[in-house]
Structure formats: structure tokens, C-alpha cells
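First chain A sits with chain B, and in the next complex the same chain sits with chain C.
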Partner chain A sequence: MLGKGIIKGLAETARNFFGSFVSERRLTTVPYPDARQPLAENTRQFPFLVYDGDDWEQGLRCVACQICEKECPPQCIYIVKSKDKKPDYKGQMQFYPAVFDIDLAVCMSCQICVEVCPFESIKMDTEFELSTADRFGGLLFHKKQLAKPNAHYHRIHPTDAAASDAVLAAEKAKQEAKARAAAEAKAKAAAPAPVAPPPSAS
Partner chain B sequence: MSIAAATNGKRHRLVPPPSPADGALGELLEISMGPQHPSTHGVFRMNLVLDGERVVKLKPVFGYLHRNHEKIAESMSYLGSMPYTDRLDYFCSLTNNWAYALAVEKLAGLQVPERAEYIRVITAELTRLQNHACLGGFLLQDMGASGTPLMYAFREREKILDLFEALTGARMMCNYMRFGGCRCDLPPGWREQAQRLVAEFPAFLDEFEALLNENEILMARTQGVGVLPASLAVNASISGPMLRASGVNYDIRKVDRYGIYDRFDFQVPLGEHGDVYDRYMVRILEMRESLKILRAALADLPEGPIMDPKARLRGFRPKPGEAYGRIEAPKGELGFYLISEGGPHPYRYRVRPPSFINLTILEDMCLGQLVADVVIILGSVDIVLGEVDR
Partner chain C sequence: MFPRRLSVFILRQTLAAYFGGLGFYMTDALDQIFVTTKQFLVAFLAGLFPPAWQPLATLLISAVVMVAAIIGVFATLFAITTVLERKGLGRMQNRHGPNRVGIPFTQIRLAGFGQPAADGIKALIKEDVVPVAADKVVHFLAPVVMVVPVILAYAVLPVGRNMVALDLDAGVLFFFAVGGAVELAVFMAGWSSRNKYALLGAMRAIAQMISYEIPLILAAVPVIMIARSLSTTGIIAAQAGQAGFLPAWFVFTPWGFAGFVLFMIAATAESNRSPFDLPEGESELVAGYFTEYSGFKFALFFLAEYLGLFVISGLAITLFLGGWHAPFPWLAWLPSWFWFFVKLLGLIFVFIWLRGTLPRLRLDQLMNFAWKFLLPLTLINLLTVAVWHYLSASGWRWAVCVLMVIVPYVALGRGLWGHRRVRKRVYRYAE
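So, the complex of A and B:
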């Protein structure tokens, strides 16, 4: 019968329409600003800089090695290396970024800066409501806006943050062991050399 | 399973078939359709010459979305091009990743661990599911079924994108595969979630087929429209579901058996008539085959590493040589051709995009058809302008 297929299709639509009042499966949307879907743990939006401790400037992990600046595909990162040095988490003197800007209007959230960073210092944030009325520089984020505490990183990506802390702790332990070994060697060198046995009289 | 079996062999012909131009042309009208026309799926233009409602000549014009992808890639590290491949065919970023990774792996001689191969197959087949579901929706939208089928398809697509987000961090621009493996392992619970989706997906397919397959309007609009004969399809190097709808049994998953596709048992659905309806049905049937692959892959996903230990992220310089990696992307054969001179950048980087090459045949399919049919013929080609223009 002509039209049977159409009626069959309309019955399917009707089932969906009335089903949306009773079935969770057919009601799939969320009224956004009032209700939100939970974000997946891996979600990535834009990068931020991790700092340890309380002082964002002192605790910044970034050592301005500029690898991310070189590797960034759309080249949205701009770094100026400092002239002086500050101690990092291991107590080693390191350069720090005097300027660290990310143009979020250019950034394409590819996460390559995170992957190439050898210092666990740049990570992806999950904040996505960043729209601004200032179109000149409103999305150009400076060091201060980008710096976020390690606790924030632990809150948004707990698994990754724990792994990254473990990497840093291992580095630090390695450094301390090396320092201890160096100190022992130094102490050994400074101590008077053991007295050579007297030549046996013959 | 053949299309005739899936639809009980029903074929309707409500409108008379288009007659070939009989030589006695009336006054010709030249119109430009696009680039802002809603039916052109992006910024694509067709210069049409019409005799009344019949198409006498068609010239596709593209390049509005050209953004120099290949040239940019030649001045960028191999890794740096990976996120740009997401933006070629933005519906299927994971298959684009795979094709590019395959080419670089051939170039650098990297071995992908088994677990990573399984994850690649799973993500690629999920990509195929969502692409074909949306294609069905868009095609129906072009025919005037405004919204409903497309929204049903998007509802399912959202679930797949949720899986992608949990795995890769992004819904569309996944940037997930790396040379020699995958970027990160599956998060806990992902596999079960994917299995649940695969178990629920046939219900959606049944619903979608009940909604549309036997719809008389759909049949009248699509059957016998935009016929592409098999010989022409082969000569024009058409690939993917469009080629198979013309009855040519050619699927790179079966021909090349790249990755681990030789381990899965699946069939290649073929069309008989090469018209728009067969192209639509081939995709519907392909989704069922994809589900078979997904079920098997999710069931025997092995444990193990996901990266080749030889793979390097920074300072990656493959030895001089050339490589061509190709896969069966949802739209057809997607290939990446790379020449390395041993430096950090490829010397030559070329994409063989399926929808660009499938589009070259558009005029031959549209001659003698009505203007309204041009829209659905274009829809059945399944183009994404990000890939056509690159």
C-alpha cells in the first residue's frame, strides 16, 4: 500500500515524542546554563601554568626553555626568558619566564605543548567559558592569568596530576641522591688520604 | 546482506525517469548555486546551466576554504601536523589521524603495539558509525525532512563524541594518535561504556530504518537518481561507499588489511544500481558491519603498552625516503604521501582526500537531472569542505 512506509516513519516519530516524557533514554539534552553535564576527566580546553606552593611567581615550574613555543603548531605562545635565575622545586637555580603569553584566540587546544614539556609545567585547563567583550587582548592571557596552583591541577585531572607529581618527586630524589653522592665524594676527597703502609724493611 | 534483502526488494518509481536532453534545447539559464547555499554542506559553489529544470552543464567551484594545509605541513615538525589533520575532515578526525600516523610509521619504520592497534580500530569504527549516521541525517535534511532524522542521528553521535571526549579530551579535534601508537591509554570504565553503546546502537539503526527505509517519498526522490555506472566510478578513481554503491567490491580494509583488519570477520555491503538510494543504504548496512568489528575488537582488546618504545616525541627525524599510507576512511580512500629528506619537516606532504576525488564526478551524475536532485546527489557524495579544499 502506498503511504505505508510514511505512516511507519511517523509512528516512530510519535514514539520518540511521547517517549521523551517518560523515558530517560529519549530525553538527551541538558538546559545548559542552569544544568551542566559533568566533564570527562581528560577534557582539555586551554593551557595553564602550574605553580607549587603559595606564591605564584616563586613557585612557577616553567624554566623558560621555550620548547613549547617552538613546537606549538599555530605558534600562539610567546616567551621571554629572564636575565636572572630563581630556585626551582629542587632548589636548583633556573631561568624563569619574564613574559609568558598565550593567545587563546589562536590556540587550538591540541595539547602538544603539554606533551613536549619536560618539566611538567604546562597543563590543560577545563575552563571553557572564556568569552570576553574586549576583542583587543581580551583573550591574550599573561603569566599571571595563566598561573594556577597544583591543587587546581589535582582538582581537574586527579590521575594525571598524581602521575606528574610522581615524576617530579622521582626527579627530586634523583637530584638529592646525586647531591648526596657528590657531597660524600667531596668529603672523601677532603679527608686525609689513608696513610700508606710503610715500606717493609728488607 | 544485500540492499534488496534489507528493504524487501522494494523499489518505487513515482516520477518518470529523467529523459536525456533531446537536442531541442530551450533557452538556457545559467545560475550559480552556492557558496552560501544551505544545501552545499559548507562553502561550495556549482555553476549550473539549466534547460528549464534539467541540468545541461555543471561546473563545481571549490577552494573557498583553502588554508594551505599541505604547504604549512612542509614547514612544520611531523608531530605539529597531527592536530591539523583533525581539521581536514572534521567529522572523522580519528581516521585522519590514523592515515597520517600510518604514513609516518611507514616512513620511520615504527611498529605499533597490539593494544594500540585495537584502540585504533575501535576509534575508527566508532568514527565510521557517527559519520554514516550523520550522513543519513544530512541527506534527508537535503530532501526536506527538516531536522527529525538529523536530530536522531545527532543524538547517537553525541554518545560517541562523549566516548571520544573521555578518551582523547576533545569531542571533535581529537589529536589522539601518535607515530608508533596512541597518546594515552583508555580511561577506567571506557571499554564497558563503549560496549554498552555498541549494544544499544542496533536499536537506533532499527529505529532509523523504520523511519526512513520504506518511506515512499525517500524512494521516489532517490531511486534512479544520480546513477553512477561502475565503469565510470572505477575510471574516475571513486572510492569508499560511493564506489561500493555502484557494485564494485573494493574496501581497503579488505584489500590492504592495514592494521589488524585481517582478524575481524565482516562483510562489505554492495549496491546494485549506483543511485542515491543505494549510496544511502550501503552506509546503513556498513554501520551494522562496523558494529560487528567493534563487538569483536572490544571483546578481545589485549593488555600491553600503547606506544612503540622507539618512538620519539621531540627531535623526530625519519630517515630519507617516501611513504604512502592509506586507510578506508568513512568517506573513501584517505591517503597521505610523504617525502622525507631526513630533516625535522617533511619535504613533500600530500593528502589524497576521498571526498575531493569523489566530487570530481559530480557533473556526470547530475546531467539531465532536476535542480532539486542536484542537491541530494551532492548530499549522497558525502563531502566535507575542510577536506575538499584543505
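So, the complex of A and C:
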């Protein structure tokens, strides 16, 4: 009969209306600033720079290779390469970013900078409460604001951080093995130099 | 002089309320408290004028006091309803709804009922944008013209025993006459904005409001026929007492029930509320006829819409739900105005409930519904009420009239929707 669907619909909304007063489980939303829902592990908002150790300036993994700056689709990253060098986590001397700015008003959270970074140094943060009264300066984040410890990365994205650490450890092991091999070769070359020349020389 | 007389009055009223004897005098004093307050105020204020001026002053002050009371009470109700509506809709969607705005700089939240104050302040301090191409005078006048007839309609609405601003002999006629002026304001707004969305919204609104005004009035006619009065107080007086175990309200008769449902449907369309909110369908028309309004002019449209909703609900209460009468004699100790506002809030809840349930209609569905379904049913209802009037009171009369309501309803419903088979839609070009 005509109107049956309307009655059914009214019954449904009435059930929801009264049910939401009776059963708290029905309410799918939480009163946000007082209560929060846990973030999903894959949550991402804006990039941050990872540093190892305690000193954010010394431990910064970024070597100012500027790949992310070139790849960034909305061009929100601005990097100035340093004149001098500092040792990285492997002990190699590397450039570092004298200036590293990200304009969060421009960033579109695409994660391409994270994908292209060969040094595991830029990652996505989960911080979303970034509102500010100053819409120009307040959203332009500098190196100091962007630098966050590796522990923070482990806290927000444990799986990704473990994978990232494994990559770095492998890199370091490779580097050490290479250094050892080089040292051995050097030692070999130094000791029996007159007897047999190193194969690389031949 | 003023404080002494006022304090004496308040003391007398309080004493009357508390010590005036259990029952009758107390309830009567409470029932008529606003009436006596008004009489006292008018007499006191008119007493300040020289004797020669007093008749005129009494008339003017009485009008001002009543208008102030109507605007104050119903504007407050509007403020509360905006929050209640958002909360109700939220609950229907399993959300909390607004629950944060309270008193500023404190932790007091008032469960979100500070929201209308915040909204009002925002509307007041917002920039008032007038389009360059707009017809400035008409654009300015439209919100005012929208509010005035709506408030005029309150004049004939009895909100309690002896509580009607203007007891006209042709009250219902007056109500529909001023209600018809709202269309003018809508078209003024749409036309003067020089905006295609506003114009389309206004044209839809005119088409809809004129189409639904006919079933609205025809649904009210049976009540006038039975009550033999066009006066709102007369219609309420005709619904006094009990009919069997039910109150003698017109909604508890077959023709009255049908008339009430038809009236409510037409009233929903008349006040442009969902599911008949095509004039402001935001998915296709931005905001309809008030697209180009901002700030306080927009707030006036908003206010007029809600005041129109309240006044038409009030008329539905007057015509079908017994006005300010209590449902049962043993509940009559509660004041009459209390019953009126309980019924009003109930009907507002029904409107919110409908809004939370039904999707918006298409324009052709809307028009078909008005002209092919509501109009024939209201016309048949006129016949039903005549049959009801001329048959003697018996179960027989009930059976005949119930049949006269149900059979056309089912037949029309089948005729309009039954033969339409739902086929798989064929796209000729879009494949």
C-alpha cells in the first residue's frame, strides 16, 4: 500500500533516535577534543625529517640531495645545501640541509618525497592539529620543527620504522663489509706487496 | 510608584497561587497568569497617559505588549528549535549533535544550547553582501516582507485560554490570506538577486507553494464546516470535552484524521521543509531563493521559515488537535498554554523526524503528488465530512466514513503508482 515505505523509514529513524540514547555503542562518533579514536597505523598527514641519536642537528639523516624537492608535485619543499660536510650514520662525510622548509599549506600529503628518498630520512607524520592564526608563516615549517627522533617514527609507524631501520642496518653492514674488505686488501697489499701485486692493480 | 504596585501584584499572584486553596483558584491563576499580567501592564502603562488619551493608549499598549510577547516567545522557541533539530537529526544518524557551545571563557557547556547565541552573533557581524547587479531595494525588502506576514499570522493563533492576540471572526481566513503573502517575498528575493539559482529556486518555490496551498486550505475546510466557525477560538471551543474515552478533538474522527494527515503534508510543503525542500535544494540550487543573502538578511529568512513552521503547526493544533485543551479531564489542572506548547513541540518533532527520514522529491513527483493525490483526497474528504454530519452518531457512521477515507486512498495510490513497473534503465547514448 502507498505509504508503507514511509512508515518503515520512520520506524527506522525512530529506532536510531531512541537507540542512541539507550545504547552508547550505537554512537559512531566520539566527542573529539575530549575523546579520540586511535589512528590507523597507515595514517599520514605531512612529512617530517628523521634524526638518529639525541642531537637533532647532528643526527639528521638528510644529506640535501634535493631529490624530494625536485619530485614534489606541488613544490612545497625548499632546500639549501650546506657548504661544509658532516659525518652521517655510516661515518661518511655528507652534505646536510642548511635550510629545509616545507610549506604545509601547499603540501598535498602524496608521500612521493618519502618514496623517492634514498636515505630513509623523510617520513610521514600523523600530527593533524596544526591550525594556526598565522596562515603564511605559521604553516611554513622549518628544519627544526620538521626534525623528529627515530623513536617518534617507531611510535607512530612501528612496522615501517622497523623496515626502515633494517634497510639502514643493511646499508651500514654493507658499508662495513666493504670497508673491511678494503682494509684487508689494503693490509694484504701493504704486507706482501713485493711478492704479489693486488689483483685490482693488474 | 511602579515598584510598589508591581510588588503588590506579584505578591498577590504568588499568594493566590500558593494559598488560594487547593485546586481551582490556583490552577486558574496559573492558567491565566499571562493574561492577568498583560492586563496589569496595560492598565499600569495606560495610567501614565492623560485621561483623554487613555482609550487610544490602552489600545496601542495592548497591541505592543502582545506583539512583543509573540515575537519574544516564538523567537526563543526558534532558537531552541535550531539546536533541538540538529540534535535530533544527529541522534537519528547515531551522532551526538551539537553539544559544546556554552558560556564563553568557562567550562560550562549547557549541552550545546549556547549555539543559537553564537549563530546569532555571527549572523549580526557578518558582511552583508549585495550583488552589484541586484535590484537593491527589492533585495533589501524581501527578507522583511518574508517575516511580516508570518508574524501577522500569529495574531489569530490561540496559545492558551483567552490567549489570542486578535480574536477575528474570520481568523482562519485571515491566516491563509496573510500566509499567501509569503510567496511574494520568495519571488522578490529570487528575482531581485539576479542569480540563476535564486531565480530557479524562487520559481520552484512559487509553483510548490501555490500548488500546496490548495490542499492545505481544502484540508482545513471540513473543520470549518463541522465547527461552523471561521474563528480560531470558535474552532477550539467546538473541540472541548470528551467523545467516549477519547477527547473530542477532530483528529479522532475519520475525516479529521485524514484531514490532519493531508494538512500536515501540505504544511510541510508550504513551509519548504524536507522532503519538499526543492526551493532550496542545496545539491542542485546552492541555497535556492536566498542564495545571494548573507549575514542578518539570511538569518531573517531562516527565522521566517521556522516561524512559519511553528505557526502552521499551531494552526494544525487549533484545527485538529483541540488547541490548548488537555487530552483528558484529569490532566486539565495543567495550564492551557502548557498543553499548547507540548503539542507544538510534538509537531515540531514530527517535522524533524520527517526531515531525518525522507529524501527530497523530484519536481514532477512533487507536482503529481499535489494535484493528482492530495487534491482529490481533500475533495473527497469534504464529502466525507458532509456524510459524517448528516448521519446520526453510531458505529455505522464510523464504518461508512472510514471506508470513504481508506478506499480513495488505496485506489488513488494504486492508480498513481501501481501500474508503473520498474524496468531496467536503458541508456541510449551514455553506454
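By definition in this document, the second predicted complex is superposed on the first by the 186 of 202 C-alpha atoms of A that agree within 3 Å, B and C clash if a C-alpha of one lies under 4 Å from a C-alpha of the other, contacts with A are read in each partner's own complex, and residues count from 1 in each chain.
Just so it is clear, a residue touches a chain if its C-beta (ideal position, glycine included) is under 8 Å from a C-beta of that chain, and two chains touch if they have at least 3 such contacts.
The structure presented is a predicted model; accordingly, all values stated were derived computationally and were not measured.
S.K.: With the two complexes overlaid on their shared chain, look at chain A and say whether chain B and chain C clash or fit.
M.R.: Result for chain B and chain C: clash.
S.K.: Would you check which partner chain A:F21 touches, where first means chain B only, second means chain C only, and both and neither mean what they say?
M.R.: second
S.K.: In the overlay, work out which of chain B or chain C sits against more residues of chain A.
M.R.: Chain A has more residues touched by B than by the other partner.
S.K.: Using the touch definition from the top, say if A:I156 reaches chain B (first), chain C (second), both or neither.
M.R.: In the superposition, A:I156 contacts neither chain B nor chain C.
S.K.: Report for A:R44: first if it touches chain B alone, second if chain C alone, otherwise both or neither.
M.R.: first
S.K.: What is the contact status of A:L139 with respect to chain B (first) and chain C (second): first, second, both, or neither?
M.R.: Touch status of A:L139: no partner.
S.K.: Contact-wise, after the overlay, does A:M108 reach chain B, chain C, both or neither (first, second, both, neither)?
M.R.: Once the two structures are laid over each other on A, A:M108 reaches chain B alone.
S.K.: Applying the document's definition of touch, where does A:A147 land relative to chain B and chain C: first, second, both, or neither?
M.R.: So A:A147 meets neither chain B nor chain C here.
S.K.: After lining up the shared chain so the two structures overlap, which partner does A:V116 touch, if you call chain B first and chain C second: first, second, both or neither?
M.R.: Touch partner of A:V116: chain B, not chain C.
S.K.: Scan A:T13 for contacts with chain B and chain C and give back first, second, both or neither.
M.R.: A:T13 contacts both chain B and chain C.
S.K.: Applying the touch criterion given at the start, work out whether A:G3 contacts chain B, chain C, both or neither, answering first, second, both or neither.
M.R.: Touch status of A:G3: both partners.
S.K.: Pick from 256-264, 274-282, 292-300 or 400-408: which stretch of chain C gets in the way of chain B?
M.R.: After superposing on chain A, the stretch of chain C hitting chain B is 274-282.
S.K.: Mind sorting out which residues of chain A both chain B and chain C touch, each in its own complex?
M.R.: 2-3, 6, 9, 12-13, 16, 28
S.K.: In the complex formed with chain B, which residues of chain A make contact?
M.R.: My answer: residues 2-6, 8-9, 12-13, 16, 28, 40-44, 67, 71, 73, 108-112, 115-116, 124, 159.
S.K.: If we count contacts the way the header does, which residues on chain A are in touch with chain C in the complex?
M.R.: Counting only chain A, the residues touching chain C are 1-3, 6, 9-10, 12-14, 16-17, 19-21, 26-29, 31.
S.K.: Can you tell me which positions in chain C touch chain A when the two form their complex?
M.R.: By the definition above, chain C touches chain A via 88, 91-96, 99-100, 353-354, 356-358, 409-410, 412-414, 416-417.
S.K.: Residues of chain B touching chain A in their complex?
M.R.: 76-77, 79-84, 148, 152, 155, 158, 162, 165-170, 173, 175, 183-184, 187, 207, 210-219, 313-314
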